[in-house]
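As structure tokens, here come the structures.
Okay, so chain A shows up in both of these, paired with chain B first and chain C after.
Now for the complex of A and B:
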């Protein structure tokens, strides 16, 4: 066994152990913290699988933003329950063996499917590589997201907006046009405010860089947008910025813009070219950049609003 | 280990993660724990995609980019679903006093909602 194999095996064991802690821990708060660590370990797994784009996404969204969101939710639930950390009380002991059997069967079925995967494996990699020159991009994953399977990405934008609509519609009647989340009161001279002042400019720059290099290297619109969203959230948590009211027209324009530009390009492709979302080869790169810019702005705003939560204060 | 052997190990680990998540989803009555379990299932399923992508390495690419793109879309959608679920959970906690699925009978929750609206 080589050192790389040992790393593979060790990391696999660690990921499973941390996942088990997330599931079995008695403290909900500890489980959420473990989940953040779990997400980071999973993104290391993605690096080992040579899928660096996915690793960046998992670290930023799967671990980072989901972690912030669930930590916030756990804290609010704890406050409501009157302070103490709710111990995880499980279902009746008699039921647990049945749950274990179901889980075991699912695992066995999936493992059998993995072991029985066809050899040689079917792949679209040659087709993806062959189409790259037409898109003007160097990163085949970005090309898949924005060009080959653009419809998926367009519909995903719609899903994000729908999720946000669902979230906003949970607001109480008197504040539903208001600002999401509670007013953050952080010490203006405290560590958090200091961190937000220093880190946000650098972080926004890194986010834009990750977006820009995504054309040819690992990175892209989602990963860059998530970093920008995280910086905005940091500024809001430090009390340097306030969440805008959800009824503001500018906010809504930004949130709808990504899908809107994407749709417009798609319809133009239908009118001028061969099909919905067909990009004329001569201008493919310019069109792709236009879509990505609109998408980055919209995704950053949508992700931040999804973390900020339901409107709770009047505008 | 060969390329496909290593990829298979990742796939089996993904299957174990899905199993752990399924167990947690069934046994915990707390919605937040169920949400965590659901996310563990999600990452496990994504790693299965990663196995398929890695096995599809060809044409000078270290992995098939199509499953990778699907997973990136999947992670973003999973996050959106988690955010919506968390908001519903907090709303339930507000109107029913607790988000626990054990002690929030439908009748009580509905009464609390009516009471809140009257305020």
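Now for the complex of A and C:
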């Protein structure tokens, strides 16, 4: 057995151990922290499989953003439980065996699918690579997301906006057009404000870089947008910026822009070319960049608003 | 040249890993939040720093080297700020609990 195999086995064992800790932990906070560690370990595993795009997404969305959302949920549950067993509110003890059976069946199904794959496994990778010249892109993952499977990506953007609408609909009646989240009261001369002032410009630059190199290297709109969203949240947490009211026209335009531009391009393809979302080959790269810019702005805003929470203060 | 580069890499990365192991041991064994933070910062600053320095002879081009150094600088900056925030929170909480 080679050293690489040992590393693989050790990492896989660690992933399973952290997953088990997440499930069996008595404290919701400890479970969430373990879940974040689990996501980072899984993204390390993706790097070893040379799926760097997936690793970036797992670290940014699966571990980072979901972790923050879960931490917020854990805090709300603790508030409601008044220090008791927070998990009891989420899932009554009688329900837990059913949850375990459903999750176990899904795991078995996935395992059967993986083990049952013919050898060599069927792959569309050569086709994806062969189509690259038509798109003007160099990264087959980005080409799959924006060109070959553009409809999926478009619908994904719509789902994101729907999720945000669902969150906003939970707001109380008197503040439902107001600002999300509680007013942050960080010390303007404190460490957090200093961190935000210095880190946010650098972080936004890195986010844009990750988005831009996505055309030819691992990276892309979603990963870059997550970094930009994190920087905006940092500025809001440090009190440097306030969350805008959800009724503001600019906010709505930004949130609808990604799917809107995407949809407009799709209709233009139907009118001028062969099919919905057909890009004319001569301008494919320019159109793809236009879609991705709109998408990055929208995804960054949507993710930040999802973390900021329901409107809680009047505008 | 590459033999010297490889030697530098092995020595510095092993030294960096020592600080990660020591930091992890401290995180598990030290008695309270402030001392555990103290152990953890060694892994972030020295450990990662030595690993990054050790990887420098292996990269192609100045841009990749600068990216590695930028990662170290960003981790140094954010972990210093985060440690300070956690430390202050722990310190204030210690005053409140009898």
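One rule holds for everything that comes next: the second predicted complex is superposed on the first by the 282 of 315 C-alpha atoms of A that agree within 3 Å, B and C clash if a C-alpha of one lies under 4 Å from a C-alpha of the other, contacts with A are read in each partner's own complex, and residues count from 1 in each chain.
Definition applied: a contact is a pair of C-beta atoms (placed from the backbone, for glycine too) under 8 Å apart; a residue touches a chain by one contact, two chains touch by 3 or more.
Quick caveat, the model's predicted, so the values are computed rather than measured.
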Chain B versus chain C, judged by how many residues of chain A each one touches: B
First (chain B), second (chain C), both or neither touched by A:149: first
Contacts of A:307 with chain B and chain C, given as first, second, both or neither: first
Which of chain B and chain C A:195 touches, first, second, both or neither: second
Which superposed partner A:74 touches (first chain B, second chain C, both, neither): first
Touching partner for A:211 - first (chain B), second (chain C), both, neither: neither
First (chain B), second (chain C), both or neither touched by A:66: first
Shared contact residues on chain A - chain B and chain C: none
Chain C partner contacts - residues on chain A that touch it in the complex: 191-192, 194-195, 198-199, 202
Residue numbers on chain A that touch chain B, as the complex places them: 1-2, 5, 8-9, 12, 15-16, 19-20, 22-24, 28, 31-32, 35, 38-39, 42, 45-46, 48-51, 53-54, 57-58, 61-62, 65-66, 69-70, 73-74, 76-77, 80-81, 86, 88-91, 95-96, 99-100, 102-104, 106-108, 110-111, 114-115, 117, 119, 121-126, 128-130, 140-141, 143-145, 148-149, 152-153, 156, 159-160, 163-164, 166-167, 170, 172-173, 220, 222, 299, 303, 306-307, 309-310
Chain A contact footprint on chain B (complex, rising order): 1, 4, 6-24, 26-30, 32-33, 35-37, 39-40, 43, 46-48, 50-66, 68-73, 75-84, 86-91, 93-94, 97-99, 102, 116-117
Chain A-touching residues of chain C, taken from the complex the two chains share: 74, 77-78, 81, 84-85, 88
